[in-house]
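There's a structure below that I have some questions on.
Note that the chains are named A, B, C and D in the order they appear, and that numbering of residues resets to 1 at the start of each chain.
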Amino acid sequence: MSASADDGAEALLGAPLTPRDVAIKDLGRALLPSPVARHLGDSALRYVGAADKVLLDDAVSAIRSDADAGERAAFELAGPRDRIFFDPRTVRVGIVTCGGLCPGLNNVVRGLVLELSYGYGVRHILGFRFGYEGLIARHGHVPVPLTPEVVAHIHHDGGTMLGSSRGEQDTGEVVDNLEANGIGILFVIGGDGTLRGALRLAAEVERRGLKISVVGIPKTIDNDIPFIDRSFGFVSAYSAAVDVIRSARVEATGAKDGIGLVKLMGRHSGFLACQAALASTEVDLVMIPEVPVSLADASSVYTHLSKILDRKGHAVIVVAEGAAQEQIGSPAGVPGTDKSGNAKLKDIGTFLRDRLGEHFAGRGREVTVKYIDPSYAIRSVPACPSDSIYCWNMARNAVHAAMAGNTETIIGRWHGRFVHVPMQLATRGRRQVDPSGDLWSSVIESTGQPRIFA
Amino acid sequence: MSASADDGAEALLGAPLTPRDVAIKDLGRALLPSPVARHLGDSALRYVGAADKVLLDDAVSAIRSDADAGERAAFELAGPRDRIFFDPRTVRVGIVTCGGLCPGLNNVVRGLVLELSYGYGVRHILGFRFGYEGLIARHGHVPVPLTPEVVAHIHHDGGTMLGSSRGEQDTGEVVDNLEANGIGILFVIGGDGTLRGALRLAAEVERRGLKISVVGIPKTIDNDIPFIDRSFGFVSAYSAAVDVIRSARVEATGAKDGIGLVKLMGRHSGFLACQAALASTEVDLVMIPEVPVSLADASSVYTHLSKILDRKGHAVIVVAEGAAQEQIGSPAGVPGTDKSGNAKLKDIGTFLRDRLGEHFAGRGREVTVKYIDPSYAIRSVPACPSDSIYCWNMARNAVHAAMAGNTETIIGRWHGRFVHVPMQLATRGRRQVDPSGDLWSSVIESTGQPRIFA
Amino acid sequence: MSASADDGAEALLGAPLTPRDVAIKDLGRALLPSPVARHLGDSALRYVGAADKVLLDDAVSAIRSDADAGERAAFELAGPRDRIFFDPRTVRVGIVTCGGLCPGLNNVVRGLVLELSYGYGVRHILGFRFGYEGLIARHGHVPVPLTPEVVAHIHHDGGTMLGSSRGEQDTGEVVDNLEANGIGILFVIGGDGTLRGALRLAAEVERRGLKISVVGIPKTIDNDIPFIDRSFGFVSAYSAAVDVIRSARVEATGAKDGIGLVKLMGRHSGFLACQAALASTEVDLVMIPEVPVSLADASSVYTHLSKILDRKGHAVIVVAEGAAQEQIGSPAGVPGTDKSGNAKLKDIGTFLRDRLGEHFAGRGREVTVKYIDPSYAIRSVPACPSDSIYCWNMARNAVHAAMAGNTETIIGRWHGRFVHVPMQLATRGRRQVDPSGDLWSSVIESTGQPRIFA
Amino acid sequence: MSASADDGAEALLGAPLTPRDVAIKDLGRALLPSPVARHLGDSALRYVGAADKVLLDDAVSAIRSDADAGERAAFELAGPRDRIFFDPRTVRVGIVTCGGLCPGLNNVVRGLVLELSYGYGVRHILGFRFGYEGLIARHGHVPVPLTPEVVAHIHHDGGTMLGSSRGEQDTGEVVDNLEANGIGILFVIGGDGTLRGALRLAAEVERRGLKISVVGIPKTIDNDIPFIDRSFGFVSAYSAAVDVIRSARVEATGAKDGIGLVKLMGRHSGFLACQAALASTEVDLVMIPEVPVSLADASSVYTHLSKILDRKGHAVIVVAEGAAQEQIGSPAGVPGTDKSGNAKLKDIGTFLRDRLGEHFAGRGREVTVKYIDPSYAIRSVPACPSDSIYCWNMARNAVHAAMAGNTETIIGRWHGRFVHVPMQLATRGRRQVDPSGDLWSSVIESTGQPRIFA
């Protein structure tokens, strides 16, 4: 798939798995006319038809080599349907935000509430507090009734008005609670752990024969969920990182042989590090999980840095938190996992800070390393204008999907358009930076670093 | 083409015209190996092949209905080629910026210079001053030699370090100058008028049998050039507009029945007005050229505003400069054209400011209209982080295209990827907001205004 | 008063008028112990004593030359008093914001409400809507009950949550309304016209023998009210102007012989123009009302600009709206006055834009003037952090003054400390930039322009 | 000195020590006429006379109680003198920046160079690199010749273009270097350690009978140098801290019983913590070195926090780095001193983070503490507009002082005016927040916390 700009997503699609749109089982019997055009006084509104699908691979070569065009892998286009499954007057909707903060969470919550209220006339929307924990009745968190008034201004603030938490909860208890609250649609905003949890909820819902739609809005500040080329909040995040990198550069220039070192989010995927470095234009070295790197004394990392220090008198490094993990000497105890089930990473930031000092000291060069770990400063910003629009559209499409009876679905983005991506596909792997692709090329041209460290 | 998110572009492609890639005539005889991989120390670099094309229409339905897949309309993918036409050691390159300011101009100039210098080893780059005017020898503007050092920090500033001007110049004189300077590649950064001028240059070049590549980087703060779903600087522009709209809202709330009125760029296309309104979330009414509107007293515009004033006590309007032109009573003299050949618009901003006051006064309601025309404040901002990346990639791809011998080509963007778009196609019409498409739907949901004014 | 940094204030104090602190007439009989220390759980709180006064002139030379040190002019220090006049449990307080918008209005309103509520335990606070107009009962504007909850977040927004209006209202009607609402304290936030109105209110209050305290918080984006060296919102305003000047500079550099022209507020005083130019560091010429300027063809203004254009290729001008009024040819009709009673100014901005073009055209130089009038963009910004603190302290001191029974008083600032300034003194003239003082020196060093235009 | 708003400065002035202006010894013989008025084409310029002094105490009560007004403590007013000591055509000037970064360093360097060049016509200015280290010849750092062109744009960047370093250098070697370079004036920009070093330099200069003026521009992000009520960069620093506090608040609201904890600079003085908290308006608890605090389980800190958590569900704490040092259990090794000779502090941030968790866990309340240490992000920002002006004026006055032959002097600010403060006085102690003064009152009213922790 040479024509793709979407590093890392396409490799996940094995031969047998093509996108399969998932809808509530007995959908056929209950389809109602959509009220959207009427509510919006919009007779010209164009509904999306079932045949509106976007090819997974749109390279001309792919078309040629494929005998049966009709069987080609494709995603259902997102958007309003002319027939919907849930009755807006009676359906009860739940919203929950899970995992770490990410810019735009409040925008998505607000968008869901506005589209449900104004587009469809839905009247019962509950915000569950503090992630999946708020869906466990015995924890006693009272859900917040959400109305357009309640959410009107929340997007001016970062974070999530619902609160969040990490970690799984008992699937049965959660579905009990959904039943007890009469929930027909549950919007789950969260990362891959959260979406896997949502899949289990959907399975339990199906097992019990319930008609509850579970729709995910993928949240990943690492931008690593497949089939969504831009996760919400990602632009805000790398934009905020630019300011941090500027700080690091200023600090670096303030000292003789100063090195500014910034650790950014990115457990397995270096998108944030790459885009922040590109946007900043002030970075001399980027390290990401996808490109192995040696920190042995003779390695090219140090050679590159020496040249930079010789030429400019200072250097700036951006390292993704998941980079160079294999280079960090194992401490006695193996790192465990956090509440979200993610393996705890060894800290490349402090390791590198110390290692750089040692390396250059061993060569008679006293460098001054200024290390910044800006995690909270980045994830807590309000959505930038671009993300503000993006979250709004993602939320609208999630509402359209759910009202039409889709379930086990997330809203993805493929070749510039919003599409329905089966939740199973979206949780199957992760997007990564392709070490021989254009994004990484762009980074190495910007930094002047070698493409492959040896 | 129901699956397209790209309002307005597809309608331009008539049956006979499919994208045709344009290259310098006797390209075949002179192809050199590309030095990019070598210069970047990047053996893994993936060059783009001639067959890497992106379908114009990637809806499944389009594929099915088309017998001969091979003849399908498609764009050449942008990116580095393994064989190039110009010898980097000897080629002389010119860069010129034309027309009104737009965020990111300096980023594009910087990107061109860096990619030419570091990617290809080009040594002779001239920046022509003040638009096409600087290409006329007798005007005496001395071109600026451009090196990585000269352009290193220019992107922190808005505007263009080269200066700009509007208007045509004599094609013959310009080509004389290109010959005199030994220019092999001319990068033209400008809008549709500028690109039409570039087409004429290319024609004259061909007539004279010269081997000069003319490559365009389309600049349009209105985002209305076809086959480029996002023009550089556009995100920066609508982000800056959000602050202006906030001012208007604050002013509106400061007075009884206050109305904040913001006029934004958009002669024929309302993209900037739409996206700024969406990003702001504080707008009650958007008026764009694509959606006709009556300003007669009984019209729905006033009804909508009255309701807003009743409910909130104030209202915010965003109007594109080209909206409602037919509603403005002709003054004695017909407006002429500006230097770029654009028809001068009648001023909807001041007209609407006065008309609103009159209308409501006639109904016993004294409104206070605060009118803001922020044109300079928006177009002069530095590129936001997202545009910083975008300009960098657009410039890199323009260099790849030119070095490989493409001419009469602009860098476009189709379905999320950079592509080569024949200049003739790009100047053939304009993108517009589809009044029954998703963008306008999104706006009317956000503002609550009627989709069609009557 | 050679040691003063406060251009323009000292000249206002004629021989007979020394500051006279004004308090409600029969203050002596009714003094209650202040609850502030108790409410704040703050036994260490230091109350301000009556003898805490700040010298008007603190130059050593002034002390020497003065026989009777005790009679020296001085201001009462602002701050909490240990005895107060109004009973916090029963007093009813009104707040009104008048005139044009200014950054920090919401901060002041919030500060008043918080200090009244938490510091003193006041329970009845009314916000009158839309300036003095809201104090006229027959206009039917319902006042807003103000509580800490209502005002908690208003300061994140520019403007005033109460709305504002210009112009006088009938003094008798206003006092009727105050009586009808049982108001004991009225906080008036406004400029010199507003404060003169407040003086009339206070006179009528005294005539009727009422015990209503009228305390002013001076608002002037021109920073021209005497005995207050920094008006609230002024720092925010000139900070916002810096961005506008940057736009003008970018526009100027984008054209051959480009001139960026920014008109800033400043009817009679050029403080905003001066400080904005200093903060920006990008201005080549500042014109203020205090320094007469000739725009005849041979004048030094043009000579200076010509040199700048020759050297840099562009120039940036900041002009205060009240500058060079005498240079603008009278149109047929004489400008009248606006609702606030201010004489309408002739528009120096558009005049200068046209005049510059004509002048240079007459000398064969085609300049491009980009003119920006950013009034709304500047006055509508939220308070910057520095003003946020400043407004909070100004509001606290206004509450302390009013609760202690002061009336006809504004909160001023003298030599770095908050003081009580009699309203009569504050409305007696205006601060102006001293053409031979340090501020103007600083400007001419920064711009390189001549100190006096001839 | 009850009338003073300047917490902490006045207590430093013991009976015997009144300000004593220091000038180069044989000043009388060599006074030249100042060229400033001539250079600025400014015949109206007002020079400052020797008698222009500002009273240390300007309270009326102070005047009354003092028999001999003439002997009253007072500061020499800063500003241009009509006679100067150094010959601008020949004097050689050095500039050095020392210690940690602080916003505005580049503005001060730029201001010095511009005033020296344009105001006085000085032609030889050297910037020494990396603090006092750059003044030691054998380290081989080449000084940078500074001209108006070199410094034109440096203020758009944070940090210092000269670089900096901590720590003392051999006084003799430094003075050797000054002699070798023929330096007549040395501007030292740094904190109290740096200024003590400068005093030693001045003593050595005097011992050798040299005519070198040593003038300090006090730099302290803690704002704790006496007799300067606002250190340059301080407004920029607390403004930047507001954003960090917002992040902490967003993080705190994102979790159940979330606590946002921000550690700010302030080794011995809590000004930054106080002003940042006031400007932010979102802080529930401020801890500063001047107010002792118990962290024992029953202490009022926890009681206050519990109430906040009960009421709001989250809390925000700002702690100055020097607060509560006595509460941190001594680790085995005693902390030493850093290169600047400052005692290393124990880390109250991480200590408090852990202690808060333990305390509440012990009471069955699981709090989530999000801890941010934003040091680099705050000190590396460019100067805000207000500091831009302030640095410019401070630099101008430093040049005036030095050219007139003052030495062992810093530029201070007293009651709103720039003054000459003897270096000995300025290094004699430090400004601190007065626990019973108005600033701390303002903080406790804003946070609702108890004034004194018990």
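Keep in mind that, in the parts below, a residue touches a chain if its C-beta (ideal position, glycine included) is under 8 Å from a C-beta of that chain, and two chains touch if they have at least 3 such contacts.
This is a predicted model, so every value here is computed, not measured.
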Could you find the chain whose CA centre sits the greatest distance from that of chain A? C
Distance from the CA centroid of chain A to that of chain D, rounded to the nearest Å? 43
Distance from the mean Cα position of chain B to that of chain A, given in whole angstrom: 29
Rounded to the nearest Å, the gap between Cα centres of chain B and chain D is 48
For chain B, residues contacting two or more additional chains: none
Which pairs of chains touch each other? A-B, A-D, B-C, C-D
Which bits of chain B are touching chain C when the two form their complex? 101, 129-130, 133, 141, 157-161, 163-165, 243-244, 246-248, 250-251, 253-256, 258, 370, 372, 374, 376-377, 380-381
Chain C-touching residues of chain D, taken from the complex the two chains share: 2-6, 40-46, 48-49, 51-55, 58-61, 63-64, 69-70, 72, 74, 77, 79, 114-115, 118-119, 155, 229, 235, 238-239, 242, 275-276, 278-281, 384-386, 388-389, 392-393, 396, 415-418, 435-438, 441-442, 444-446, 448, 450-452
